[in-house]
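Heads up, there are several structures right after this.
Each of the next two complexes has subunit A plus one other chain: subunit B in the first, subunit C in the second.
Now for the complex of A and B:
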């Protein structure tokens, strides 16, 4: 193939009807929105809320493009790779992208209700958010090592700046710097690991990498190459673990959450995590699966390695997050540790899915589906928790748990919302958090990962105390003497926003079947 | 699967550490010791150094450096298009137009925000890139 032919095929891949560009429309819409809001700030300086409305419009348009209108419920088109194989477009990426965009709409509204972005900073705030969102969309559909690296960077770098948006506060700048330094370190290690993997396997295209890996194992490869691959895998996990705030790489999370505003913390804890889990699924399944049954059997040691690595990290992360949350009085720190613990829960089905590849593909897809269900429910409950913290900060000027004492008398509605969210994060029926955990534990049972299951169940018990403590302080503790507890009626912007988020937390318990069908559809095109 | 031959690698590691430790150790043992007027000064090819090495640089320089990196990288993309203008045809032309339009929009935004102004700020009221901790 000469240069001209190569160029031609690339052009055709890009522009042909139904080819790459049309599958990439949601991301392109987000990019265009970034440009439009920057230009609007210059051209229409009088329209002070232009960034908010245009962002909302842009994300809504992206959501419209991202929704798979043409899919029949029983015939989901198979996965196809786009842009000459660097990205993959399948039901999993479509589902996660919809989830991210839905979150972006709720988040944009949230920032406006809580008033976090001042009029001067609003444009930059939304530009950075949209930039990170594009990076996250790339992460969840990555099919090539270069795209993994680029997606992670594009999603991370705007978040470093977002963490420092409160420029007047030294704590915010400190959080930003800590996050950037830690992120740079993690990215450096991940890139080194990726280069080791690519160097040994001779390709950066994920499906080809699994083929080469199987061939290497088949030919008896040599222990030295095996060592390099194991090392590369570990280093790759450092980068993904950083995005996930998994145990040994979680140090940034409490400090960054405490220094950044509650709004930005919500963005980091939900969108960033969803994207990281999507990437983890892509990488874990990418390395452990091959369409040819003979090759698939050869990859068994790789699967074993991934299951042990991810399962162990999940268990440790979960236990650490829950134990460290005990002593926290700052609500954002408490929620940061809660986020770490939930990252642990959400890594469990990934381990289960990899363990089931080669045993029962249907069950492996069900494990990924349970992750999708968890992510969808987690979106509402965690965003609601951070929203309540942000609204109370606006009233109290503090994020200390002890300041919430006696809230039930002044703001009963908001206290009920908080209690619902806390019980749901804990996983009590009849709230959707229970359903989420239930599906994850079911996937662990079918993967026969008994140790992970036992520790996961034990962790639910551990987390009981600190979630209940929040509710206890808000309801049973007496109001402080020096000032009345804050009054936020439900019939206000803030109150109704919390309602909008809390109602799905309850309703998704009763409509879990519908959500599960969606999630099954999302996982249905994986592993072919 | 045969065991890999590890001893050359171990030998290499030992040799590296031995050389590094040896250089420091030998110069510590054999080196001259004298304290003259200028023995603590950094060696600057014979020129007497002035002032401290810990200068506080204006952050503006970093901003310019960042702009240079960004726009330099982007011109590299334009070069790659330029060497295959004919083969890329009109589709390639449209693509590079879109690319350059995005660049121009970014440049216009930076200009408007005052990021390109070197002196004290004349535009804006305390927002934007210009006054993020820039002190001379």
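Now for the complex of A and C:
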């Protein structure tokens, strides 16, 4: 093939309708928005709220491009790799990207309502958020080790800085320092692990890696290579586990959440976690699946390794998060441990999906669909919880749970919202948190992971007490004597924002079927 | 077990050097109390990974077989260099801010948040 043919095929791959660039439009829109915000700050310094409006506009445009308009008319297109196999565009990445962008819109509104982005550093705040968002979009559609590394770093580095946006406060700078040092260390270890995996398998393209892995196992391989692969897999899990705040790598989460503002904590606990789970699904299914049935059977030991690793991490993370949340009085710390526990719940269906890959592909897809349902519901529940904490901080100047005493008398609407969110996080019917847990436990049953199921169910019981304690303090405890309880009526900006988030938490229970259809569509193009 | 010292320089030698870099960097991250020392440790780990990527990608070191990583290894290494620079810039800014609020760059003094 001569040079002009090569150029021609590259141009075709890039520009043809439905090819690389058109599938990549949402990310490009986000990148363009970053540039426009920075230029607008220079060109129009008097327009002080430019960053907020431009961010909102940019994300809305990205959402427009990311929405799969053609799905309604014809069937879901099969997965296809873009940019010569570096990224993959399928319904799973479309679904998660929609979720991330929806979250970004809600989050941008949230920062404006709660007023965290003060006028002078507002631009930087939104630029960093958009940068992290681009990284997360790369994480969920990664199909190549280069993109795994790029996505993780691009999503992490802006978050380190976001954690320290309140520069004058020692706690905030300490939080960002801890996050940056631990995060960079974990990323370094992950990269070394990736270099080992890539080197032994001789390729960095995920589907080709699974082929090489199967060939290696088929030919007997040799113990030394297997050992290097196991070591590389563990090191890779250090980086992913850090992003997920899975058990041995969770220690940053409570400190960072407490030091950073509640808004940034919400961003870390929802967007960052969703992207990390997307990446975990890509990696776990990527290494355990091969389209050829003979090769698929050969990969059984790899699947066993992944199921044990992810399942064990899930169980330990979940239990640890729920136990550690007990003694917490700082609301952000409590929600941080709750986030850790939920990360554990959300890793369970990944283990189930990998366990089912060799057995029943339809059930494996259903397990991934249950993860998608959980993520969508978790978005509303957790964002509502952090929003209420942020609005109460604006009123009280404190995030201590004991300060919330007797709130039900002054702001009954907000207390009801908080109670709904807490019961939903716990997983009580008739709230959507129940639906989320239900589908996850169903996927564990079909994967026959009984131990994980038992510990997951036990954990739901464990979490009862600390979620209920929040509700108890807000409703039953007496108002403190030295000052009145905070008053936030539902018809204020803050109150109506909480309403907007709480209503879906209830409604998604009754309309769970629609959400499940979306989630099934999201998982339908995986594993082919 | 072949003796690395008597062999002509090959892939194993590069891997040994990168493993030494990784271990040095890891120990540096784990034991240093100065933030700048920790950041240097992270750079060592990243460079160890980079050396691996380039060595695995080299056709010469693999003895001319074409099933290796190829140019992907060097491409990843280039990206990692850029990522390391971006990360160092961010982390140094954060360290400077920590110095402004705490008047020290000792990571053990970051102890206000715990529980």
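Here is the rule we go by: the second predicted complex is superposed on the first by the 515 of 528 C-alpha atoms of A that agree within 3 Å, B and C clash if a C-alpha of one lies under 4 Å from a C-alpha of the other, contacts with A are read in each partner's own complex, and residues count from 1 in each chain.
Here is the rule we go by: contacts are C-beta pairs under 8 Å (C-beta built on N, C-alpha and C of every residue); 3 or more make two chains touch, one makes a residue touch a chain.
Just so we're clear, the structure is a prediction, and the values are computed from it rather than from any experiment.
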**Request:** Please indicate which partner A:194 is in contact with in the superposed arrangement: first for subunit B, second for subunit C, both, or neither.
**Result:** second
**Request:** State whether A:3 touches subunit B only (first), subunit C only (second), both chains, or neither.
**Result:** first
**Asked** Residues of subunit A touched: more by subunit B or subunit C?
**Response** C
**Request:** Have a look at where A:333 lands relative to subunit B and subunit C in the superposition and call it first, second, both or neither.
**Result:** second
**Request:** Considering only touches as defined above, state whether A:167 meets subunit B (first), subunit C (second), both or neither.
**Result:** both
**Request:** Could you say whether A:341 touches subunit B, subunit C, both of them, or neither, answering first, second, both or neither?
**Result:** neither
**Asked** Which parts of subunit A are touched by subunit B and by subunit C alike?
**Response** 167
**Asked** What part of subunit B is in contact with subunit A in the complex they form?
**Response** 1-4, 84, 87-89, 91-92, 102, 105-106, 108-109, 112, 125-128, 132
**Complete:** Listed in rising order, subunit A residues that touch subunit B in their complex are 3-4, 7-8, 11, 15, 35, 38-39, 41-42, 120-121, 124, 167, 220-224, 227
**Complete:** In the complex, subunit A touches subunit C at residues 145-146, 149-150, 153, 157, 160-161, 164, 167-171, 173-178, 180-181, 184-185, 187-189, 191-192, 194-196, 198-199, 202-204, 254-255, 258-259, 327-328, 330, 333
**Request:** Would you tell me which residues of subunit C are touching subunit A in their complex?
**Result:** 15, 18, 22, 25-26, 29, 35, 38-39, 41-42, 45-46, 48-50, 52-53, 55-56, 67-69, 72-73, 75-76, 79-80, 83, 86-87, 90-91, 93-95, 97-98, 100-102, 107, 110, 112-115
